[in-house]
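Order of writing sets the chain letters: A, B, C, D and E. Residues in each chain are counted from 1.
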Amino acid sequence: MSTVLDLGLGVAVLIVTGLSLLARSRLVMSMSFLVLGVLVAIVWLRLSSLDVALAEAAIGTGLLSALLVWLAVRSPLPPGAGRMETSHRLRWLRPAVGLVAGTVLTVVTAAVWVRADHRLPAWGEPAQAQLPDTGVEHPITGVLLAFRAYDTLLESGILMLTAAAVLALSRRGGLSAGSTHQLSIHQASAALPPVPATLSWAARMLTPALVLLGLWLLFAGSTDSGGAFQSGAVLAAALILLHCAQVDLRVFQARWLRPLLVGGVVVFVLAGLVGPLLGLPWLSWEPEWAFAAVLVVEVLLTAGITAGLYALFLALENPEGVR
Amino acid sequence: MLMAVGLAAPVVLAAIIALAGLLSPQGALRLRRGATVLSPVTVVPAAALTLLSPDAEWQAPWLLFGTVFSLDPAARALTLIAALLYGGALVAVGWLKTKDAERGSGALSGFLLVCFTGNIGTYWAADVVSFYLTFAVMSFSAAGLVIHYRHQRARRATRIYLVMSVFSETAILAGLLLTAGAGGYLVAEAPAAVASSDHTGLIVVLLLIGFGVKAGTVPLHVWLPLAHPAAPPAASAVLSGAMVKAGLVGWIRFLPLGQGPGDVPAGHVLLALALLGAFAAVVIGVLQQDPKVVLAYSTISQMGFMTCLVAVAMLNPSAAGAASAAAVLYAVHHGLAKGALFLGVPVVKHYGSGRTGVLVTVGMVGAALAVAGAPLTSGAYGKYVSKEAVEGISVMGLGLAELLPLVAVGSTLLLMRFGWVISRADRAAPRPPDGELLSWLAVCAAGVTVPWAAGLWWLPAAGEFSWTATALWDASWPILLGLAAGAVAWWAARRRLAPAWLRADGTTVQPGDLVVAEESLLTGAWKRTSRGVELAHRGSAAVLQGGAAAARGAAARSRRGIARAESTVDSWEGSGVVILVLTATAVVAVVVWGGGVR
Amino acid sequence: MVVNDVIPLAVVLLSVTVAAIIFPLPQRLNRLRSAVNLAGAVVKLALVVLLVPPVVTEGARPEFAVPFLPTGTGDPISLVLRVDPLALFFAGLSAVLWLLTTVYAIGYLRGTAYQSRFFGFFSLCVAATVGISFSGNLITFLVFYELLTLVTYPLVAHWGDEKSLKAARLYMRYALGGGVAVLVGVVWLTMEAGPADFAEGGAADVAEFASHSPTAAVIIFALLVGGLGVKSALVPLHSWLPAAMVAPAPVSALLHAVAVVKAGVFGIVRVVDDVYGIEVAWDLGVLTPLLVVASVTVIYGSYQALRQTEIKRRLAFSTVSQVSYVVLGVTMFSMAGTAGGVAHLVHQGIMKITLFFCAGLFAESMGAHKISDLRGAGQRMPWTSAAFTVGAFGMIGLPPTAGFISKWQLGLGALESPHPWVLVVLVVSSLLNAAYFLPVVYTLWFGDQHDAAFTSGHEPRLLLVPALCTAGFTLIVGLGASLPFSPLEISRLIAEGVFS
Amino acid sequence: MVSVDTISWYLLVSTVMIIFGTVRLLLVRDLLARLIALDVTGIGVLLALVALAARSESSDPVLQALVITGLVIAVAFTGLGAVLIRRIEGLREDGGGGDRS
Amino acid sequence: MTFTQFSLGALALLPLLAAALTMLLPHPVRRALGVLVALLVAGFTAPVLGSVTSGELTELVLGGFDAPLGIHLRGDGLAAVFLGVTSLVGVVVTGYAAVLPKSTGAHLSATSWVTSHPGFWPLWLGCWSGLNAVYLSGDLFNLYVSLELVGLTAVALVAVGGQSAWEPALRYLFIAVLGSLMFLAGVGLLAAVTGTLDLHQTRSQLDELEDPTLPLLALTLITVGLAMKVALLPMHRWLVPAHSAAPSAVSPILSGVVIKAALVVLLRCWLWALPAVPGMQWLAWLLGGLGVAAVLVGSVLALRQDRLKPLVAYSTVAQIGYWFVAFPLLLHGEHDGAPLGSGAYNGLVALAAGHAIAKAGLFTAAGFLKDRCGTDKMSALRGAGAHHPVLILAMGMCAVGLLGLPISLGFTGKWQLATAAVGAEQWWVLLVVAAGTLLSAAYLLRGIAPLLLQAEVPENAPAAGPVRGRERLGEIAVLIFGVATIGTGLLGAWLGDLLEVGAWW
């Protein structure tokens, strides 16, 4: 049974992949990608990776696809198409090359995979053994915030800096508190279709539920599936909903967005600095206070991720006078 | 030490004249005038040296490659006449009233002074390098004498003189280098070294050519008839009296005379050329109109005589000592006599009339007789010892001893022509006696005495004059013959018996006779060579340019190709195609072929 | 001894320091710039003079080394500054002539723009030259050799017009091409025989290498000499030199007399004498081809000089010819010849710099660029003309100038050597030299006076004094050739070392 | 514990996704399509990692954590890309702008 | 924990922290903080360099969790060299950006476009953090994360250059991310068969592997991905617009150090993570061939440019070629003590380090001129150097480094490359080095020299205006690069010693 399921799932994934890659319309592409996200989340559930599935659902399907769909909606036709005619030669060359190269690569890679002599990771046992020292019970959270906290820190840095980057591409270079304000809803709404009242109402009603879900995911993370990323994504989704419902978030954006954005990283680094101050390596938590540290970091990280994702969304609207 | 002073004093004074330019114009003029007046004093150390220390030597191991100057009998005699001639010339140039002085007299005196140093240096040099040094100094500073008047003739003469000097210097340099390379660094060892060298013939030829220019050997004499008339008379006097003798000295010093088997071909050639010079110069000389040109041809003729002696020394090693001593003695005599004649040219002009006229006439005739070798003159002594030296050598069946007196016939003819020409020359307004007259008188007086003294006391190898009637007759008949021939010629000229083309005004044969031919020969050769080189040059340049153009074309094509390729990857898709192809190729190449997946 | 070891480094750094001070100086601080320049030059001369007694008489070899390149195995290759007589010889030349050229350049460039840049690179150029002279191995030599290429580029291009830039580009193309050839040669040789420390009589490692694989040794020799031949303007690699005459006169003077051309020739001397060793080079059979090339260069350069009507171009081709005398001397395989060649290194320098100084003076004061423009210069600019005459006589090889000394010594060397025919080359070249210099001298002194079209011949003192000094040197060096510490004596010492 | 065949299957699916995404990314002109292709490639890579994680008993936490990290990075670059696309197309809408990308 | 170990962590985390903090600050304070942090980072580099100089490999086990579970930071020779170079470039560029804020890009103010961009500061510090993380990382996945940090911040740094920079930035983004993903795919492949992510453990695990195909495939993917990020020839087209459109303070960072991050990762994979697998030489030869093409083609293309910054960018493309020319030599003599491979490796690192400094200087200078004159068209810039003698000198020094003439690391690198080639009897390398040198001379002379030396400056030339004190300071930055280009040339031997520490052999 499982074979059929896997086969079906796989084929579905490939079909949707094809659709999202080859479709002519941007909207179809992005919607297909959204579907792909859902399918992949299922695949990951099938591969017994609940956390990843959650993350995919929240981040991948939720936010990532939302970004793309939004982009497709805002500019549905590929502008400038046909303006830059490629030479006649390349017209038939491109698909041919793509086909041949893709086939060759696939065949070779598949052949290699088939011959591969898999070896199970060597970190299974030490991970089990050292998990108690981290103060968390959920192994994935343990990996994220203790064993490979460095990766996580850099990665939250990436998100923060990406947010910084997109803010920098907005008015006033993301500098002043008013910057986010100015590119926000007022200019954007002029172009957006008016939001139906029902949607606005639904968004407002949905928000507390989402916030709750987010908080649950956050605090569950230490013991069970879930964690800062999933939680942050849900919270960001809540903010975006509110934004779309034209709730006035200006004060939040002006006052809180940037502090929240950097808070996670700052506290993470400072927490990492405690170790060296005590003579331990960077980013080490003593078992005694490990849980507290992880919790603080996780909470602030969630806030940071929320802010970062929200900022990405906010920055999608072009500031006026972009030229 | 005196030697060093003798060499340095003139140079120092010349330097002062040159450096006077540092002062204000008036100051410079005053200083130069003073130096000019003082200049004759600088020959005194050299003259004193010849009288006081006959075997002086001065070594300066730090100088050049180690320098030695020393005095030997030949040098002693020649130095004395050089000192006299230069002294006379300097007096003639310097001791004049300012209004009579020639323009730029400072420069003329300066060049004379430097020339003097070079000239006595060639006599004194005891090593090849200092010989070459002094010879070059003399040669090139003489150009300053020739060009003095800067008129067209002077320029041409200077140019030709310089070209010939450069050839001469180069040949001498090569010859001396070979000599030194063969171990003859010191002059005393040079003839032996040349004789034992692997390149004896080459050295001899190089030296004959090199010194031949200076000594006026045909066909290298052409500068003489051009330079002498162009230069101021005082300068001509030293040119003819002292400087041309340096070539002779060079031969005597370096040719392997008295060494080896003798009878070398070079000797025969030299002898033939010398005789040709001695006689041909007469023919050409009598056809000239300028008195100094006539004198110049006389010099060529006389130098031919002396060259004969050198040739004889080459051909007959056993007679080498006597022949070269005779040559030196003859040179001493000829230097003073000819110097007196040259100095006399302006004297005749300025003092030839009036109270001084008689004195001038007597002096000039005396000097002319001496050159011709009239009995009781120094010329007779010189000719006598020469004849003794060449006894037994014959040319084309005629004994050289019989041929040489005929030179005196020629000389007589030439000097008659000189007298004729100069007597008809313009006379300037008489002026009170000054340095010009004084110096001429001094040289005349010296001409009477010095050769005798030098020959008898300093040059014993030359032998003494035999006061026999034969000898006196030997000295007299050529003169008489010459006078007779001259009278016939004069008569013939009066009657216009000579063919129309034969005119004695320097147009039938121009001064410098062969120079035109030689010039055109040289320029032609140069043109041909340079045309050839030019062709080769242009050819190679064309090949290179063609190559460069081809390379440029190829480079431009490849640049264009690269740019086209670049424009392909300019677009994202183009770049994407390339990247994909590359990736696929890499994977296939590495994994399939390299890794062995089949 | 310890102090002596530091002197070579100090001499190099001195010039660099001078450059570093001068570069940022604003244009208007002329006095300060001149003062720094002159102080540097004087101190440098003093330092070099300090080295003479220990090196020449006591036989000391002051040395300074820093590790430079890793070899992967064993000791790193060092940058070595070592003073041997040859090094001192060349350094002395550059020290003396730098001082004079600096004075000249200060006068020459007075009132023009970009002086700080000029003098900065000028000092660097000297630093490179001194570095070349003190180099103790091929790598160090290469370093300074390339440095020289670079720092002379802005000097050649100094006027900054299209012509200068083009000429400078040509120069760079040649010089870098040569530099690359040398680089390849040095890399190869270093791989095969180690860093090739200069040693009198040749490096032992190189000799051993040459005995195993003569072919490779010959190819490396060709690469090295071919590369160095570019700077030393061996025909057919000489075309950059006449083109580079667009540079300001002091630069041309320096280029021809001390720095670039000389560096190339000095390098050839080093390679032949101190890397391969003359015996090894002779056994490899590489000397005779080089001798032939040098002979061709001597004649061809003279011939080309004769064809030129511009003063500077004639001088440039004369350099092509004259510099090859050095190569001629070094490759004719005789001790006297080597001594003559090495001595000519200095002699040619002082004579040629005199001529360039004078050419610059004529151009500045009379606007004379062509030889025909020089008519009557002897009256208007007697001192310059006199200096020029001395230099020209030197070039012809007339006694008692320095040029005669080299020519004589080379002639003796040729007779001692297996190639006496070289004497013919010398003689023909002398004739040609006379043929192209005497007319200039003649024109100077005896040429027809031009109409009053020319400005009067003012002779600025700052330009004149250096020219007179070098002219004086030309005579002094010639007259005092046998004095202790004279160039000839030192080169004889060097030649003895080479043949020992 | 997931069977080896399943793992291999998903690895194959991921391979196809990666390669398909890459090919499309490199050859398509539309900016949004490129961004989506990039995301497909990214998901393909993550799918491979998850499949590898699934080899262990009770799916390997370390690899899962890495995948989550990878997802966040994917969002980050997609966000940056999306904003840039918006800006660029904003320029074009205003008429003009470069045409190279 | 020693201070050196502390420094290892601080080098990556301090700039990140600072980047976060700067986001909260107003622009002038950002500049001050930036300079302070730059100096601190340089300060932390010193102990690492110090301990590596004394032959010691510093290792930090983050969180106390050993590999393969945790992540190790390793301060070995390669890391130390690039940390040092990055610190140098970083400090100088930071100072330059602080003094001349208009070099940091252009942003949209309330009403119009304004030069200077406050967003530069967090992005640059974040980028620096990523760079240091790349150099130090001992873990393959961590390398991926660090690379992404570098890549995304670098893209953003390009994008702050204003509207004209957006398209190049986007193109760069696609390439950078695609490259990283290919790298990650390769890492996944390796992890499947090794079960570890640690570099050293990967190597020992692969040593036991019989079938070479999977490591080869992984290496190929990694290599192609990273070569894309380094901009090896046929994959170089993104670099030119990105590096030339970037703000003046950013181009030197991008060309100087950012592409080196990918190179370091490439070296880590080739030399540390993988043992000598048969078949690798195929890839090495492919890279070598592309390297040769890059040297030649890049130079020729540089010659054709009519704007300054693209010229300098193409020069980077050409220089990149040299690093890859070394690859075939890296594998030589792997078994016998590896002297030849080590020579090529030393040469490669020296070339890359030398290029970092020299190119940073040249790009800073190019940006300086562009900012000052408002254009980088070379026809408009002719004679621009007339008023900047120091700039001329400095650019000349940098050009020495690029030409690979002594004294510079460029020379040291070429020397070692060439000696390694002679040792391996790969004569073609000598030809390439020679041709490359001459071609680079050609474009530097034709392109840059007239800017500096041409005397005829038009009256109204933008460069002719008065030079402000700040701009003089900016010139000093270029001068520092120039002096460093020359000065580091003397450090070749030391560099060789450094690289011995923690080397793979």
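The rule is short, and it goes like this: a contact is a pair of C-beta atoms (placed from the backbone, for glycine too) under 8 Å apart; a residue touches a chain by one contact, two chains touch by 3 or more.
Just so we're on the same page, UniProt names per chain: C = Monovalent cation/H+ antiporter subunit D family protein; E = Oxidoreductase.
Values in this document were obtained by computation on a predicted structure and should not be read as measured data.
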Intersection of contact partners for chain B and chain E (Oxidoreductase): A, C, D
Shortest chain-hopping distance from chain A out to chain D: 1
Centre-most chain [mean C-alpha coordinates]: C
Remotest chain, chain D as reference, centres from CA atoms: B
Label of the chain whose CA centroid is most distant from the centroid of chain A: B
Separation of chain C from chain E (Oxidoreductase), taking each centre as the mean of its C-alpha atoms, in whole Å: 41
Between chain D and chain C, distance of the C-alpha-averaged centres to the nearest whole Å: 66
Chain A-chain B separation of Cα centroids, rounded to whole Å: 105
Where chain A and chain C are represented by their mean Cα positions, the distance between them in whole Å: 70
Interface hub residues of chain A, defined as touching at least two other chains: 84, 86, 94, 97-98, 101, 105, 108-109, 111-112, 115, 118, 120-121, 123, 127, 147-148, 151, 155, 158, 162, 165, 169, 322-323
In chain B, residues with contacts to at least two other chains: 570-573, 575-577, 579-580, 583, 587, 591, 597
Multi-partner residues of chain D (at least 2 other chains): 22-23, 25-27, 29, 31, 34, 62-63, 66, 69, 73, 76-77, 80, 84-85, 87, 91, 100-101
In contact (per the touch rule at the top): chain pairs: A-B, A-D, A-E, B-C, B-D, B-E, C-E, D-E
Chain D-touching residues of chain E (Oxidoreductase), taken from the complex the two chains share: 69, 141, 145, 148, 152, 155-156, 159, 163-164, 166-167, 169-171, 173-174, 177-178, 181-182, 184-185, 188, 191-192, 241
Complex interface listing, chain E (Oxidoreductase) residues touching chain A: 1, 5-6, 8-10, 12-13, 16-17, 19-21, 23-24, 26-27, 60-66, 68-71, 105, 107-112, 117-119, 122-123, 126, 129-130, 133, 141-142, 145-146, 148-149, 152-153, 155-156, 159-160, 163, 166, 189, 191-196, 201, 205, 209-211, 213-214, 217
Residues of chain C that touch chain E (Oxidoreductase) when the two form their complex: 23-24, 66-73, 76-77, 79, 113-114, 116-117, 120, 142-144, 146-147, 149-150, 153-154, 157-161, 164-165, 168-169, 172-173, 176-177, 179-181, 183-184, 187-188, 190-192
Of all residues in chain C, those that touch chain B in their complex: 303, 307, 382-383, 386, 397-400, 404-405, 407-408, 411-412, 415-416, 423, 427, 430-431, 434-435, 438, 442, 446, 478-483
Partner chain B, residues of chain E (Oxidoreductase) touching it in the complex: 171, 174, 212-213, 216-217, 219-221, 223-224, 228, 234-238, 277-283, 286, 297, 300-301, 303-304
